[in-house]
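What follows is a set of structures for review.
Below, subunit A partners subunit B and then partners subunit C, in two separate complexes.
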Partner chain A sequence: MRLTLSHINKHYGGKEILRDCSYAFSDAGTYVLMGGNGCGKSTLLRIMALLEEPDSGTVAFLAGGKVLAPDPTIGERHLHEQHDKGSSLDAGRLLTPDLALRRRITLVLPRIGLFSTSVWKNVAYGLSLRGQKGVAADEKIARALAFVGLEKKRDQHALTLSSGESQRLGIARALALEPEILFLDEPTASIDEENTSIIESIIKTMKQEGRSMVIMTTHDRSQAERLADRLLLLTQGALQDVRQA
Partner chain B sequence: MDTITEGFLQAFKLILHLNPDLIGIIVLSLKVSGLALLLATLIGIPLGGFLGLRRFPGHGLAVSSINTFMGLPPVVVGLFVYLLLSRRGPLGALGLLYTPSAMIIAQTILALPIVIALCRSAIVSVDPIIAQAARTLGATPRQVTTTIITEARYGILSAVIAAFGRVMAEVGSILIVGGNIAGYTRVMTTTIALETDKGNFELALALGIILLLISFGVNAALHLVQRKGALHAA
Partner chain C sequence: MLQYILKRVLLFIPTLLGITLITFILMQSLPGDPVLAMVGERSTPETIARIRAELGQDRPLPLQYLGYLKLLSKFELGRSIHTNRKVADDLLQKFPNTLKLGLTALLFASIVGVGLGIIAAVKRDTVWDRLITLVSVGGISVPVFWLGLALMLIFALYLRWLPPSGMGNGSLLYIIMPAVTLGTFSLSYIARITRSSMLESLSQPFIAAARAKGLPETSVVLKHALKNSLIPIVTVIGLDLGSYLNGAVLTETIFGWDGLGRYALTGILGRDYPVIMGVVLFGAVIFVTINLLVDVSYHFLDPRVRIKESR
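And then the complex of A and B:
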């Protein structure tokens, strides 16, 4: 799946946060978005992950030669095609195209927001939203937990995990859903070196396995250098392509 | 001194021998308060959820009214229900006055604001990050709501237990609308009031002991639930 941003603008109150941001995320790999505190990285990520609407501009996804966009004026026919296939049944009801699209991507928030239940059930959550239960779902959960090294903690209460483990659980929770694009917002901002390097190697492994496109933010320059295939910089609301690896 | 000792001895005898009058009164109490609680829960949790999750014109007023109603004096509720159900009242035709149904109605009215207000506060105290996380994982608006309610489960359970404690202990409203008819509408609290008045301390004391035990149990349950909730929120 590819992602294209066209002329995204966003204000909060009277304050301009994003100004005419356009970019095509067209190759598999890891995109790292950098920028100072409060420059709008999280906002841009939420907009790309379809959790928030821009004031103007469009977010469009390309998959299998079809344009899928939350904006009904773009690629509407294709959305309905996808809709009609009934591929995205939610408890017997057809999903709105927007939700169906939103369910193909996932954002891991900087504060994870773990549910007050076991580690296992946290990962099961997204699958059960999609009506996925049973052996196949259990396998996905187990695989996701093993991938982040939390398989031994599956029965522990999620809110008793360390911050590094919480962050890894957040990633496992997203990965179990096999997203075509994974957004990570400051995945290592609040954790120690050991967990940071674990998370970095998780991101690298994801790239090697070619699972999904990763679009992440960080304010750690050296981390960006280590992980980025492409480095993007957000300054004064404008998005720039800094380096191409 | 002697009357007190003698009273306690007789009271324990009644309890140990499972005196049928005593048991009948306890069962009726639990039935009336239990059904009132069930009704208040069925109505109150959705309303509390609605107040906690949605904003609408008059929201603030609704919340502060419900909070005020939490402290409704039972006798006033009794009076109100009495007027509703009395022969010339708007619901007089139903013939419910001085029946267990009237008592259930009165206690439902007493329990309802507690369930609504405490449920609402349990729901608004769920960290907003939970709703965001649910959305990132692909939840529909309805699934987000379910997730928030699930996160608030210990607080909601506390609300129900607190309401049960309140209705089990109250006497004012059921005395007025139930009439304290022996074997029909006489429950623990009203019996205690009546028997004490008559100087029959043994039955009153026996019921008092049971009521204290129930209230102790309710508080222990509340404590446990709140501790479990706190542990999970740590």
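And then the complex of A and C:
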């Protein structure tokens, strides 16, 4: 799946946050979006993850020769497949096209928002939404937990995990869904060095295994250098391509 | 949980004792004499003294209070000074009417109020939100007696759709106007609380996480956000229910509804001490019971409460 941003603009309370941001995320790998605090990185990530609408501009996903783009005539976050306006089937359930698209990508937020239940059930949640249960789903959950090193804590209550473990659980929750694009918003903010290094190695492994396109934000320059295939910089609301690794 | 409920039930006793003492002192401080109100000011001093003695009101106040407590210990509430009927019997006869009116009003207020609150939160800063805010501010501000009379004027006098007053031997048409009048304030308040509580829930990380995992918006709002907004809403509904079941004096009087509110008003106007004490005590028991039920409901509504309990 490829993602194209065209002339994205966003204002909050009269203040310009994003100004004419355009970019094509076309190759697999890790894209790192850098910028200072409050520069609009998280807003841009939420817009790309279809959790927020831009004031103007379009977010288009391209997959299998089809363009999937927002339709401003429908209203908030409703998308439709321009080339195929029918609904999609997901594990036997009929889904609206916008929801079907949202289920092919996922975002991990800095405030993870764990559910008040076990580690295992937190990971199972997204799969059960997609009607995935039974042995195949259990395997996906176990694999995701093992990938982030939480397999031994599967029965622990999620709200008793440390900050670093919570962040890793957030990533496991996303990985279990096998998203085509994984958005990570400040995945190592407010966690210790040990967990930062574990999460960085998870991201590197994902890249090596070619699991998903990863688009992440960070304000840590050295981390961006370590992880990025492409480095993007957001300054004064404008998006610039800084470097290709 | 059971231990907690038992502890709260045991706390009923000192609470109720305190309420009887305060009500007793307040009643004695009120101007007016129940005996004079009963026999009239033209009665002879001998008659007044005889009746005062019959009612036990010639005894010192502490002894009168202890006498009342003795009565309570036998689960009795005394007899009305004016009708000589047992207060407990009157309360049991009128409570079902108050219960019917209170529950109908609250059902109306809860369903419409929560619905409007959800719409206002989901459609935040739109014309719908502003319209609902306007309606709820209006509902909170309008006096009950004015609303009751206005509804009566429109729906009973002009349109002739609904009966103006009375209880109509259980006909549902008779309860509509009193229930709407009584429930409008709660409806507006519940709508405001639901809106603010929903807005807070919708901004929580787990809601963003649920959306990011592909949960449909209807489920995000109704299943996750609403469930997590319920505690303040249930608290308000519980407090209102407690207040309604104590009798809605104005609504019951305007619509001729034979409930506890009208009974209490008759007691107050006639300085009928046993009636006033009985209504206050009965109301206090209901209020404390509903508060306990609301507290217990938190246990089921919010998993965090369960976690704290188990730690």
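In the analysis below, the second predicted complex is superposed on the first by the 223 of 245 C-alpha atoms of A that agree within 3 Å, B and C clash if a C-alpha of one lies under 4 Å from a C-alpha of the other, contacts with A are read in each partner's own complex, and residues count from 1 in each chain.
In this section, a residue touches a chain if its C-beta (ideal position, glycine included) is under 8 Å from a C-beta of that chain, and two chains touch if they have at least 3 such contacts.
Predicted model only: the values in this text are computed from it and were never measured.
Clash or fit: subunit B and subunit C on subunit A?
Clash - subunit B and subunit C, as placed by superposing on subunit A, overlap.
One more residue to check, A:2. First (subunit B), second (subunit C), both or neither?
In the superposition, A:2 touches no partner, neither subunit B nor subunit C.
Contact-wise, after the overlay, does A:226 reach subunit B, subunit C, both or neither (first, second, both, neither)?
Touch partners of A:226: none, neither subunit B nor subunit C.
Examine A:111 and indicate which partner it touches, taking first as subunit B and second as subunit C; both and neither are also allowed.
Both partners.
Identify the partner contact of A:125: answer first if only subunit B is touched, second if only subunit C is, both if each is, neither if none is.
The answer is both, since A:125 touches subunit B and subunit C.
Is A:51 contacted by the first partner subunit B, the second partner subunit C, both or neither?
A:51 contacts both subunit B and subunit C.
Subunit C: which of 24-32, 60-68, 150-158 or 294-302 bumps into subunit B?
That would be 294-302, the only stretch with clashing C-alpha atoms.
Overlap of the subunit B and subunit C footprints on subunit A, residue-wise?
Common interface on subunit A, subunit B vs subunit C: 49, 51, 99, 102-103, 106-109, 111-116, 125-126, 129-130, 157, 159, 173-174, 177.
For a test of understanding, state which residues of subunit A touch subunit C in their complex under the given definition.
Interface residues on subunit A, with respect to subunit C: 49, 51, 77, 96, 99, 102-103, 106-109, 111-117, 125-126, 129-130, 157, 159, 170, 173-174, 177.
Going by the contact rule at the top, pick out the subunit B residues touching subunit A in the complex.
By the definition above, subunit B touches subunit A via 127, 129-130, 132-140, 143, 147, 150-151, 232-234.
If we count contacts the way the header does, which residues on subunit A are in touch with subunit B in the complex?
For subunit A paired with subunit B, touching residues are 49, 51, 90, 95, 99, 102-103, 106-109, 111-116, 125-126, 129-130, 157, 159-160, 173-174, 177.
Okay, in this complex, where on subunit C does subunit A touch?
204-217, 303-304, 307
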